[in-house]
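The same chain A turns up in both complexes below, where it pairs with chain B and then with chain C.
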Partner chain A sequence: MNWAEFKNIFNDCRLEGEKIIIESNLLKTIEFIKTNYHFNMLKEIIASDNGDGTTELTYRLFSPEDEEDLMISINVKDEAESISSIFESAVADEKEIFDLFGVKFIGNSELKRLYMPEGWRGNPLRKDYQENDERLTWNE
Partner chain B sequence: MSKLKLNLGPQHPSTHGVLRLILELEGEKISSCEPDVGYLHRGMEKMAEKLSYIQYLPLVDRIDYLAGFFYSELFCRTVEKALGIELSLRVKAVRVLLLELNRIASHLLWMGSFLMDLGAVSPFFYAFRERELILKYFEKISGQRMMNNYFVFGGLRRDIAFLEDVENIIKILPDKIRDYENLITENPIFIQRTKGKGILDKETAFNFGITGVNLRASGINLDFRKKDYLYEEIEFNPVVLDGCDAAARYKGRILEMKESIKIISQVLEILRLEKEFKQQLINPLNLTLPEGEYIQEIEAPRGLASIYIKSTGEKSPYRLKWRTGSYYSVNLLRNILKGAYLNDAIAISGSLDIILPEVDK
Partner chain C sequence: MNIIVTSIDYILNWSRANSLWPLTFATSCCGIEMMQTVASNNDIARFGSEVFRGSPRQADLLICAGTITHKMAPALLRLYEQMPEPKYVIAMGACTCGGGMFAETSYSVIKGIDKIIPVDIYLPMCPPKPESLLDAIRKLQKEIKKESILDRKKFTNKHTSKLTESCGLLEEGINVTKLGVL
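The block that comes next holds the complex of A and B.
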């Protein structure tokens, strides 16, 4: 894809290594990339806790036509826009991230605990997760 | 018509593990499906943040116990690429050999259990008979039948041996696969149960992130082995079919086993010529990765598998994430079962080759 053209349309983004880092407009950016550059597949969404209350979400897009990868990254606090209207596979990824990181995706109607039981306290992959005895955190 | 809620699983034998599907029925038709996973969650990603790289290595085979070599390879590869370790030709060839044998074993088990789901019991025993040859071989070289832990950072536990066993396996298998095809492929009952069932078109497949045989059976030529550095010197053709249904996915796996046999015979040729076994092992006790992010991918039997490691230079990863093919196939069930008849639900979900430890991680 053409980086210069892309940079013209979305001003608040920068290239860092192989990643495009954006500040806002997640949904619009991904929609634009999908329709204009044939990135028809979302391989996965990677979440990583930055340790300062923010979470880095990395969207790995893939173009089956050109066999090309693209990574879009954004830092969010506790809320992010859901891209499940563009990619159905994002429903699964967002569910997982909601369970393990506690990021709420606005627009995803399926958000609930996935691996952890209902009523579990905390989000295990956050760096500030309190590791108590499981009997204490279960269904209290 | 009033709706009926039906729980399929988690203890149903044909859910291949512990998958619970909450189906909503209108008469005999499924109007919605909601998969409920997590019964096998072991916290693989959380454990990685606590353990050093060498402590985590034996665990990665357990992400998918039917295709453990693939996850072992991914994890070792990430460390090797990060530290700039080059593998010798013999080590690369051995890895391809074991990956492809593992792929055959995995597809055989799938075939047996899929046919069992459809009500045919005997193919299950045939499939396990041939799979046993491969598992016996794995046991001979690594001491384990399933979770082998044979790949290490920079090479192998020890040099490969008993190659005559592999020669024997690839001599026997083509005949056996012909037997399966005679028994199953043209079987009218099998055709009726799978032909035109669980249609997955290209658009939906991309939209749901489906990869592997399930994608190639929908007419898309996308095999990540083509770009894989291990497969550089090996010639093979990805199996691409355009049936889009459960029958095509079955056919795809059968043909893929034949393709794997071709790959193995090429690898055996390489191993015959390249006798020198050298590897560049590293001391795993003080192993750290340079700061940064690492992503590696591999074509596993159930679709694209990838690993993401974020390292801060500590002894254990800051963040480790697995992408597994089955996780997205389970998500696809929400869509693909909609409008299907209840008695096709097992045939459709079985044809996607879902394995639950891979989903739950």
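The block that comes next holds the complex of A and C.
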């Protein structure tokens, strides 16, 4: 895809390496990219804790026609827009991020714990995670 | 009185030790070794425990073969509590003994199943060879032959049922007491 053209449409974005960093309007941006540039496949969603309360979400898109990769990343606090209305495969990825990072995806229909039991205290992959669930000491 | 108890013990222990029916419970790679133990090369039937049961109500040995996560723990506890007395547990593999390679940093793995259920024999290796499992079963048989029915009651009282308190089954709307678990 053409970066200059993209930059004209979305003003609040910048290029860092091969990654496009946007500030807001995640849902609109990804929908635009999917319809106009044929990025029809969501490879994965990567999350990483920045350490200051924000989480960086990176969406890896792939265009099977052009055989091209695209990474879009956004910094969010506690909530993010769900892209499950555009890519259905995002439901499971967002569920996992909700479990391990505690980011709530607005619009995801299946937002509950995936790896940890229901009602677990804390999100294990956050940097400030403290293991203090009562289930850690079952019989003691 | 002592003589009577001793002879009852002898007969009971002999029959219990030589016909241990294990429960089919394999959660990860140790299960492959357990299958190998059942197969013809290492033939667990030589020691009288070839009858793997699919239901915990017919089993009296729980070979816990594989990592137990916090999400799996209620299921393990439930299976254990469904088994009738006398019941024995072999913790097979490093993960079930003390967390294994997940002991330091994992957030989802239970560091040793002895936090949930009482364990008779620990078998730490990653994974244990079939010969080691046979050895564990032989050691368990020796332990069973030593015990008395009076001791067994004390052992039973050691494990109090934890199921309703912290497993989350009640939150999911399943009535545990109605299922006959407790």
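Going forward, the second predicted complex is superposed on the first by the 132 of 140 C-alpha atoms of A that agree within 3 Å, B and C clash if a C-alpha of one lies under 4 Å from a C-alpha of the other, contacts with A are read in each partner's own complex, and residues count from 1 in each chain.
Here is the rule we go by: contacts are C-beta pairs under 8 Å (C-beta built on N, C-alpha and C of every residue); 3 or more make two chains touch, one makes a residue touch a chain.
What you see is a predicted model; the values in this text were computed from it and never measured.
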Applying the touch criterion given at the start, work out whether A:Glu67 contacts chain B, chain C, both or neither, answering first, second, both or neither. first
After lining up the shared chain so the two structures overlap, which partner does A:Asp128 touch, if you call chain B first and chain C second: first, second, both or neither? neither
After superposition on the shared chain, which partner residues are touched by A:Glu88: those of chain B (first), chain C (second), both, or neither? first
Of the two partner chains, chain B (first) and chain C (second), which one does A:Ile46 touch, if any: first, second, both, or neither? first
For chain A, which side has the bigger count of touched residues, chain B or chain C? B
Per the contact definition in the header, classify A:Trp120: touching chain B only (first), chain C only (second), both, or neither. second
Under the contact definition given at the top, report the residues of chain A touching chain B in one complex and chain C in the other. 115-116, 124-125
Interface residues, chain C side, partner chain A - complex: 69-71, 73-74, 107-108, 110, 114-117, 162, 166, 168, 171-172
Considering the complex alone, what residue numbers of chain A touch chain C? 115-120, 124-125, 129, 131, 133-140
Chain A-touching residues of chain B, taken from the complex the two chains share: 37-38, 41, 43, 45-46, 49, 204, 206-209, 220, 222, 227, 295, 304, 306, 308, 310, 318-319, 321, 323, 327-328, 330-331, 334-335, 360-361
For the complex, which residues does chain A have touching chain B? 40-44, 46-49, 60, 64, 67, 87-89, 91-92, 100, 113-116, 124-125
